[in-house]
Every structure is written in C-alpha cells, then in structure tokens.
Amino acid sequence: MTVLDSETRIDPEEIRETAQRFLANKVERRAAWEGKDAGCAALEAEMAELGWYLLIVPEAQGGLGQSFEALAPIYEEMGRALAPSWLAGTMAAIDVLATGGHAEALSDLVGQGWRIATIVLPAGQTPDHAQVRIVGGADRATHLLLIAADGSAARLIPADAVGVSLVPVETWDRGRAYAALSVEGEQGSLAVDGSLALAVAQAHGDLALAWDSIGAASQCLSETIDYMLGRQQFGRPIASFQALKHRAADHKVALELARALARHASSAFARRSEGWAVLAAQSRILAVEAFRAIGEDAVQMHGGVGFTWEYNCHLFLKRALVNEVMDGTPDQIRDRIAAQVAAQAMG
Amino acid sequence: MSDQDQTHALRAELRQWLARNLPADWRDHQHGDNLPGFLAAQKAWFARLVEGGYATPHWPKDYAGGGRSLPEQIAIFEELARAGAPRMSLFFVSLYHAAMTLVECGTEAQRARHLPAILKGEIWCQGFSEPGAGSDLASLRTRAVRKGDRYIVSGQKIWSTLGQFADQCLLLVRTDSSGPKQGGITFLLMDMKSKGVEVRPIKQITGDEEFAEIFLDEVEIPVENLVGQENKGWKVAQVTLSSERGLTLVELTERLALSLWRLVAAAGGQERLDTQSARAVVDIAARIEALRAMLATLMSNRMSGQERVGDASILKLAYARLSRDFTALGLRLEGLAALRDTDYILGAGYETGNWMFDFLNSYQYNIAGGSNEIQRNIIAERVLGMPREALV
Amino acid sequence: MSDQDQTHALRAELRQWLARNLPADWRDHQHGDNLPGFLAAQKAWFARLVEGGYATPHWPKDYAGGGRSLPEQIAIFEELARAGAPRMSLFFVSLYHAAMTLVECGTEAQRARHLPAILKGEIWCQGFSEPGAGSDLASLRTRAVRKGDRYIVSGQKIWSTLGQFADQCLLLVRTDSSGPKQGGITFLLMDMKSKGVEVRPIKQITGDEEFAEIFLDEVEIPVENLVGQENKGWKVAQVTLSSERGLTLVELTERLALSLWRLVAAAGGQERLDTQSARAVVDIAARIEALRAMLATLMSNRMSGQERVGDASILKLAYARLSRDFTALGLRLEGLAALRDTDYILGAGYETGNWMFDFLNSYQYNIAGGSNEIQRNIIAERVLGMPREALV
Amino acid sequence: MTVLDSETRIDPEEIRETAQRFLANKVERRAAWEGKDAGCAALEAEMAELGWYLLIVPEAQGGLGQSFEALAPIYEEMGRALAPSWLAGTMAAIDVLATGGHAEALSDLVGQGWRIATIVLPAGQTPDHAQVRIVGGADRATHLLLIAADGSAARLIPADAVGVSLVPVETWDRGRAYAALSVEGEQGSLAVDGSLALAVAQAHGDLALAWDSIGAASQCLSETIDYMLGRQQFGRPIASFQALKHRAADHKVALELARALARHASSAFARRSEGWAVLAAQSRILAVEAFRAIGEDAVQMHGGVGFTWEYNCHLFLKRALVNEVMDGTPDQIRDRIAAQVAAQAMG
C-alpha cells in the first residue's frame, strides 16, 4: 500500500462521523445480554452498503483504494458502540490479499461478499491441521485465512470445506460471537505467502484491536464519569471526590498515550514505514491494558450498581478482558517483540 | 483443659465428624447445578451442621452447640473451610445477624419465637441498605408511621443477600426525620410474606442472583416486632453489623489460602509458569500468609479487648485487594481458556472452577460492607490522623 | 520551499554545523567535573550556539538566528538533543522566559538593554515561587511598596533555577493585598547585585545545587524596571510561563528516547535481560514512542491554534511518570551497582551515567512546574468535567 | 534454638521500649549526611553494654539465651532511627554458630567483642576466592562469615587475615558504611557447615532487613503525615486532600501486611517451625517493597521541599533503595523460592 495523495484520500474524520452516527442508530449493545439477537447480520449488510468493505480494496479490484488510516476511525467507533461484528477479520484478509497481489481472490471477495475470519494459528499448527479454542467472528465467516505462527504457510479456505468445523463457544463477552475451530486434512484453496500474511495480518489485527479498545475505553470512562456526576454521597456528587478524580485522570492519560501511539502506528502501517510491526504490537499493548484498567475501575467507581447486570460497565469490562487476550496475551506480544525492541535500543 | 487444648480437641472431633458427614462428592453434584439444587444442598448441609452442633457455637449455652469461645468459633470456621465444606450462604444472616441481634437486643418473646425456628431452617435477610444511600447508610429514607399497634412501612431496600428466599427480614426504617440522621431510625422484624412486600432478585455481573431488592408498599408490621426502642434502632443495627465478629473474613481467607493450588494449575502446572508468573505466585502466597497472620492478631486482640481503631478496615481492604489480585492472576494465568462461560460451583469459596466468575465475584468484597474507598477514608482519618474532608 | 522542505534543509545544515562545532569528547571532560568546569563549559557552548545562530530561533527576525517558525524551533531542539549536545541549562531562562517576556511586554528601553546582553551571556533567573505558596503561585507574599521612583521590596523566593549564578531576575511581587489574589501582583526586573539581595543555593536530594532561594530585604528596584502595569503582573507572568511553548518537553523527551539503550545496557546487555525485564523494556519503549507522538500532535495543534484545554497537563503528567518509571527501571536493572555514588555528567539529559542520580532527579519533573497532583486536578476538572472540590 | 519457657523469656515489648529510648538519644541520623561522623563506634559500644550482643547467645556460652523474637524489635527500632550500625551481620553469625554448636567460637566472639560481616557470596564464588562489590558494615568488622551461595562451604575468617581486602565504597545511602570485599587464598580459620550457615544466615538476614524496613517505613510515613498536617495549600492542610489520604491508607495497609508476615515469620524462624525459610524470604519481599513505595511517595507528598537535602524524606528513600537490593533483589529472592512456593501450593 502506498501513500495516497490528498485527492483520492477520504478524510478519516468524515468517516468517523458517518460511522458514529450509523452505529449509534444500528447497534443495540445490550441486545445479546438480554437474550436477544445481537443483530450482527443486519449490521454487516448495512456496513456493506456503506462501502466499508471496499475501503482498502485497491481501485483496480473495484475498491476505494484507501489506506489503513481510513479504517482506524471505524474500528474505534465500533469499539465505542460495543458493536457485535468482527470486521477486522475480513479487513485483515483484504489487506493481506492486496499486499500480496492476489487480484483474483480480491475480486471474488468483493463480488461475492465474503466474510473472513483471519487467524494466526497457535505455534506448531499448520493451516491443514489446526485446533483453535476461541476464534472471534467465525460464526459468520464464509472463509478462513489461516496463518502459521512462524509464517511458514498461509491459506484462504472456504468455511464450509470438508474437514473444517466451527462450533459456537459461549464466552463471558456475550456481545460478540465466538467459535472453536478445527481443521483436518489438505484444503484445496488459495495459498498465500506465509510470512507476508503473518506480518500484515498480525499488525492489522493488533491495530484493529487497539482502536476497538480505545473507542470502548473512552466510552466507558465517559459513561462512568457521567454516573459519578449524578451519584450523590455525603451530600455531594462522588465525581467531586479527589481520590476518584485522580484515578480518572490517570486513566485519561493512559488512554491518550494509547491513542497517540495507535495514531502514529496506524500511519506507519499505512505507509509500511520503518518499524510498523513493532509499533502496531506496542499500540495494542498500551490500548488493551488501558482499556482493562478503565473497565476494571469503572465497575469499582460505580459502587454497588456496578456489580449489577443492569448497568453497563460490566459489558465494557468483559469486552476488555477478551480484547486483552484474543490471539495472544500482552505478555506473549511482549515476548514476541522484546528482542527487536532491545536490539533497536542498542542501535 | 487449657483453652488451647480445648481448641485442639474440638478440631480433632470436628475433623472426624466431617470425615463421616461431609459428602466427598458434593462439588461434583453442585458443579453447574441450578438454583433449586443449590438451595436443597444448602438446606441439607445446614441441617446436618445443626445436628452435629457446629452451626451455633456463638449462641448462648442453653442451645445445642452453643456457648463456645471465640477461639473455638474460629477453629470451627477454619476446619470447615479447610475441609472444603460448602459455605453456609443461605443461613449466615439467620445464624449471626438475626440470632445475635435477638439475643442481645430482642424481647423474650422474639427469642422464643425465632431462635428455635432458625435452627429448623427459618431464613433471614437484612433490609438495611437503600438505593440512594450507598456508603452513607444512615441517610436511609424508608418511612414507618405508627398507627395503633402497627407500623405502616413504605420504601425500598437493596443488597439483601438471598432476600428472595427469606422468611424474615431485619429492617431499618426512619420514624423521625427532624433531627440528625442517625437518630430517628427504628429497628423492626418483618415477615417477608406480609402484604405489600415485593422482592426482586438483582442479577449480578456474574449472571447470578445472590442479592435482592425489597419494595415496601404500606406494609403493616406489628409493634411487638420492634427491637429496642423506637428511634434508637441505629444502636441495634451496630450490634447486628458486628455480630459475625470477623468470622466471615476468617472463613474467606482460609478458603482463599486453600485455593492457591488453583493459581498454579491455571497455568497448566508448575513447570509451565514463566519467570514473571512464578514471581507473581510468590507474592500472592506471601500476601495470603500475611493476611492470615494479621487476622490471627486481630482476633486475638479482639478477645483481649485490645483491638485498635481501624484494624478491621485495614484487614478488610487488604482482603478485598487480595481477592481481586488473586483472581485476576488466576484469570491471566489461564489466558484465553478463562473466557469460556463454563459451569461453576456455587457456594465453594474460591474453588468454583471458573476464574472469570471468581474475578467478577471479587468485586463484591471490594464494594460491599464498606467499599475500598470508604475503608481508605477510615484508615486515613482514624488510624493515620489525617483530617476529614471539608464538607460544604 | 515548502515548510517541510525548509525544516529538512535546516536539519541538514544544523547536523553539519554540529559535526564541526560539537566537541565529540565533551562528555569525557564533564564526567565528574566540578561546578566551575560545568559553568565554563555551558558558557563556551552557549557562545558557540549564538555564533552559529541556533540559540535564538524564536527571537524576532532582526536578531541573528531569529524569526524561525515553531516547526523549525522544534527541529533545532530535536537535532541538538539527538546529537547529544549539552543542555542549555544555564541560559534557558535568559533565552526564553526573560527574552520573550521583554519582547512581548517590555519597554523599548528594556529590550535594548537586555536582549543584546543576553546574547553576550547575561544570565537570568525567575523569582516567582515562594516557600509558603507551593502550587498556589498567586498566593505570593513578597511585598513591594513604591517610594518615589523606586519599589522597595522585601520577601523570599524559592526554586530559582541556578539563581546563584544569575545577573538578573524576573520578579513577581505583591503591590496590593486588598482584592482577589491574582490582582495586586506586579512584574519587575531585578538586578541580582542590588543591595539587600541574598542568594542561597538549595542542595537537592541528588547532592547538587541546581536551584536557589532568594532573600529580599528592602531591595530598591527602579520604577523603569516595571514590566507592564502595576498590579497587572499576573498577565505578564502567564506570558513568561508560556514562553518556552513546550520546547522543554520536546527536548527532554528526545533525550529520554535516545537513552533507551542505557536501560538495556544497565542489565549488562540484551542477552542478560530476564523475561520480565525484557517485557518492561518493551513497555517503556512503547510509552516513549507514544509520548513523542502525543507531543508532535500537541505542537501541531498549537501551531494551528487547535490546542485543547488540558492537553499540556496530560503530556506533562505522562512525561513525569515516564521519567520516573524509566529511571526506576534503569536502577532496578543495574541492581546493586547502581547504589554506588559515582561521578556523573551534568547537563547530559538522561545520559549522566548514574541511574540513581537520574532517578532522584526525575522527582523534579514530577513536582516542579505543577506537580502530578495538580495536573491530575486539572485533567479531572477541565478535561473530564469533574467538579472542583468543595472549599471551605 | 528451642522455644523458651516464659520464665527465661524477656518480653520483646520491654526490649522495644529500651531500644527506642536508647536509639532516640544516641542516633544523630543526619550526622553523616552533614559530613560528620555517624557515631557507629560509640553506638556499638553502648549496644554491647546494654547486652544486645548477648541476647541470642546460649546461656552456656555466657549469653541470655533468647530467641530471634527478642531481636525483632531491636531491628525494627534501628530501622526507625535510621541507625548507622549493621547489627545483623554479627547477630546472624551468632545465630549460625549457636545453631551449629560452635561453642568455642561463640565464647571467643562474646569474650573478645568480635564484630562480624556475614556475607552470602555471589553465585560461583567460594569463601577462599571472593569478590563482593558492596558489603554492609564491613568497615568495622573484626571477622567475616563467608558463605557460598550453594551452601557448599562457609568460613569464619579474621578481617585482617592475609589476602582479605576491604575498601570503603561511597553509596547514595550515607547513613551506613559500605565496603567492597576481596578474598584471595586459603584462609586458616573456622569452617562451618555450609548448608546450615546458608539457611540460617539467609533467613536471619532476610528478617533483619524486613524489620529494619518496617521500622523505617513506619517512621517515614508518620513524618510525612506530620508534614502534610502542617502544610497548607489552597487554604487547607494538604493532609485533608482525599487523593493523598487514599495513597497514605494504601501504604499503611502494605506496611501492616508486611509487619504481620514478619511477626509470623520471626516466630516461625525462632522455633524453626515448618516453612521458616520461605516465610522469612517472603517477609523481606513485602517489607522492602512497602518501604520503597513509602519512601518514594514520601518525597512526592512533600512536594518541592521533598526534593531538598535539608528535609529528611530522602534519607528514608535512599535507605529503602539500598535495603531493597542488598544481598539480592526482590526478584532474585522470588526466583530463589518460587519453585518451593509453587510446590507447596500444589500440595
């Protein structure tokens, strides 16, 4: 992907505004928590109509030819809305295919409305023989992009291929669907350059999760402050208690640091400029940990009602706990990039 | 026999009794059990404890099992916890808060009516907290007006533990709003089947319903159900609140200590712990030992009348934070697998089998019974001598 | 040339200049140097910077090196930091606080007298803070009474950076106590050689003396040294305080980023980092990158007039905490060896060569210029909209 | 060492009172910081007169036959007073000799007023060939008890023996004296059972440092609160600001946890009852880290004056930073006992 000149570049802030309005109307974030359908199918249909799936598809394949920077605000707003869709799976696959020059597959994807779960497999597994305990968004996937953890292989396979099994898994985060995946046997589908797929899918996934976490954390913090403004104790709003104010301020700093790094890393990734992979991983660490801390403290700051199903802070907390460990815990990510960071430091 | 020998003898006797009476497979039966199953199991275990004389060590001598010293009471809680017996969730308020309030402040008639009933399974709940009051308990607004030989009560209570199953309620109401807020509070006993009482379970973030809201609409309560004097209920409530004398923390801490193995198991065993996780386990283990030691000192000071102001708050805060950090580490060590919403065991302390459940449930200890924030205020003001904040 | 091209050209030119003018071995010379040596080195480097035209990019066009845009100023600070040039500690107040206050609020005579003098090495300090005031700057009590064409000033100032070496002082005094505290403050220029001025260096926890107390006993200051109007000095002080426009943080952050290698070296090299330490390095590196990105956004918003309320506080707090955590990690990684009180390099940013010095010195950033606590108040109130505390 | 019956047992609280009064009179804690002599020699002479060095010497060797519990309050009060003496070196050596039944050496020690630096050597070194960068109290030592880290050997050697060199080292903690040690060549002195010496010296040292830290931390917290009570900002004492109150409360909890564990561990060590070695190590971790956190925050809570040489909080901070890493960092201690703790947990 190359830098776009300003003529073809869609202003990310315009995208954000559209996304925010759209998601505010369409996402009923408590639906699944109340035993109703989360509305993922309808949402994704409308997202397709809005052209979101075309955003980073090259113009030659009928897309809009935008960079990752056009997606960042969408991921952030989806996080803010606690949207039920795993948009990043399809997007990361598009990114991999576009980077690898798989024009035909991209055209199919666009033309036939494929929805893809992109999965970096646990170490030691191959796209032909894999067992993954929890995969996000796999319930609605038409295809799976399976990537070996060492970058030795990657394959795009139909979700309904023989030997592929996807079994729904109930998690504590009811707002999104998850499944367990098992693949057995040689699949006849598209082989993709494994090391390219690994690098692009990982960075894309890291950044998507970072922005999802930033959006959600920011919404969670803001709703918690609203609650504290209204809640009176000992004759004053609890938002005026300094100990709570200082905790909120520290959360805000952590959130803004995560946002600044995610912005920088997104721009580096969009341009594939130096250090993009490490920056994406680091953004994700800062973002998911800020989100977890905010989600955790939001429940505490709500006091008794924070402990109820009825209030919304637990939705954020549970989402935060999932975001933190999906496709790798922060410590696993740290271990993945530690040597690179240390080497960079030593020059 | 010296006190210590007596406690030793009691422990030995209780262990033998447990070996005969505690169903070895109760966890298997309760794993993923539904509510009726849980209630039945609680009732069966309670009946057995009463029969064995281990449910009422703190009651007066004339009751079976009664008249035990505090060290003996602690010994019983510790042994039950160490044996991994089910927690007495359903009957705790009955045995402690209700019974001890009646023993210390009730009338002869109230005691005669309720104490035997409790032993037969009468379930009590507490109606103290209100939605608007939060940490500021004394600002309660549920109103009672006396009409002849009855009080007419309207208002709303919240956070009544298992209130949806209760037969009776320890109720705090306001009978006078003219003076300072602690004055004008009255303590009543309320039959939960009274007209005008509506109970709604509160669904918690774990998905369970361990608490309830109680809505009161012109509920009539006979004047003979008054405990202590009208407008002097705040003092009675203090007796209720101190009735368990720290035994809950003794039990919870023992149960936490006994679950330490689960931390290591969460990572898939000792060999699979990385350096940092192994270090984290060392710290959690150290904090558990420290908490046990602190608790032992507190209980011993309490017995000799030397408890210092704020000690209970330090302990409560230390336990609350440990319960959160302990379960958070378990969650972290188990990684992705901990996200699955699997079955768990109710009433099992920290051995439910699901780290996320335990983690979410730990908020209870950090919020209820005086939140961490309230404990920090108390420690800062009463222990460290820092000034109260200026109130407008 | 576009703005960006111009900055690129400037960077290239400055790098060449540095290659010719920055003594490669200045660190060796300064390692463990005494105060006179440090002062001499500062003066020599300052003279060279002035000569090169890199000391005054923010001054008006008619001065050598002046008239540079903010991006160019940032570029100069970044390049100097990246080249590891000495910090301009001794002349920073002169070049920024003093000069820009005079440029924006001074009289023609004041400018004519001091701006050329500064370029020749006149050293300024700031006399704003007072021992009793702390974070509440406006509550200052140093008193000035006008007598004919002089002010007679008595009082005490504190935290004047390198005040013991200053020739001149930017002084805030109280000329009226009748109204609100921000009113009644007057801004004066004081010759440090005036009768009645006594300066005592403050020994810091590092053992160094980077700040001073200034005692004023009936010091006479000519009325022509008034800046702005009498009783309107608070507004002038705001100009002074914002004169460096965030360039200090740009510089400090770059210097911190460039010292990341020291973290790894503290452990004895990459191979010797244990898992947990390697992870800690990853986090520190991430926070450095985040801080740089945040700073770039702030400066760019500042240029386009879009700075949001509180952004500077978020940045200050983030930097302060990073400086502490960064140096604490360095200390931890070096272990026992870091305890030795060895020589270090003054004026070297984070490359002093002694982690304990750097760690202790980091308190400066966490306390001075609005402590972390003050920044948290500002963020909570102005960014998050939480209410001010009730004041009695 | 066995449990003492109540007749011969000196009440630790009496010992504490004596120690507190004595140290308050004798220790000028800023002396060395102002360039004066710290007064260690005079202090130790008076400590000898008070009989402190005899406390845990068995009665058969002319001592008072007390257990470690008699020492704990002394260590705590010395910490509180920021005393310049490394009493624990001599005491740990006595403990080792008494436990190992070295009656003759103990008699010499008592009779001749030996002062001992007890040192667990860095891994790989032996008592005959050792290089230690920083040793506490070695400047005044008449003897050195050198113990191999693996417990394979231990030797008590005169500090003036041929081949022993002690060079003063200036550290940031000016309140106590430190030296670098080097030993070269076979020393003709007393050999002690290495594994016994290692276990006893390590636990004794861990607990001594724990109590030193608890005493100092408690004094530091109390002086900081006193400062905050007197310091006015915005028209009220800063001690009334809730954010500072909550931080102080958290420090108090950490300190009391450390104290509770140290008390339990001291009793276990005195009785050599189950788990004493691990408990001693864990006490030290909690205590030094609580002290470090309190010392760190004390400077911050003092604001500007906390950053000056003149105020006392930096004395505590620097002492805390030394206590934290002397003879092993908390992480090294964790690594030392991690397997034991995990094995215990698994039963």
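When the chains are written out, they are named A, B, C and D in that same order, and each has its own residue count from 1.
We take it that a residue touches a chain if its C-beta (ideal position, glycine included) is under 8 Å from a C-beta of that chain, and two chains touch if they have at least 3 such contacts.
Since this is a predicted model, take the numbers as computed values, not measurements.
Trainee: Based on CA centres, what chain would you say lies at the far end from subunit B?
Mentor: C
Trainee: Name the chain pair with more contacting C-beta pairs, choosing from B-D and A-B.
Mentor: B-D
Trainee: Find the geometric centre of each of subunit C and subunit D from their Cα atoms only, then give the gap between the two centres in Å, rounded to an integer.
Mentor: Once rounded, the distance between the two centres reads 41 Å.
Trainee: What is the distance, in whole Å, between the centres of subunit B and subunit C, each centre taken as the mean of its C-alpha atoms?
Mentor: Between these chains, centre-to-centre, one finds 56 Å.
Trainee: What parts of subunit B, by residue number, touch at least two of the other chains?
Mentor: Correct list: 274-276, 279, 373, 376, 389-392.
Trainee: Return the residues of subunit A touching two or more other chains; collapse runs of consecutive numbers into ranges.
Mentor: Within subunit A, the residues that touch at least two other chains are 236, 241-246, 331.
Trainee: Considering the complex alone, what residue numbers of subunit C touch subunit D?
Mentor: Within the complex, subunit C touches subunit D at residues 129, 132, 134-136, 158-159, 202-205, 207, 274, 276, 331-332, 335-341, 356, 360, 363-364, 366-368, 371-373, 376, 391-392.
Trainee: Tell me, which parts of subunit B touch subunit C in their complex?
Mentor: Where subunit B meets subunit C, its residues are 274-276, 279, 389-392.
Trainee: Under the touch definition given earlier, write down the residues of subunit D that touch subunit C in their complex.
Mentor: 133-134, 169-173, 178, 231-236, 241, 243-244, 299-300, 303-304, 306-310, 314, 317, 321-322, 325-326, 329, 331
Trainee: Which part of subunit A faces subunit D closely enough to touch in the complex?
Mentor: 241-243, 245-246
Trainee: So in the complex, which bits of subunit B are touching subunit D?
Mentor: On the subunit B side, the touching residues are 260-261, 263-265, 269-270, 273, 275, 278-279, 281-283, 285-287, 289-294, 296-297, 314, 317-318, 321, 373, 375-377, 379-381, 383-390.
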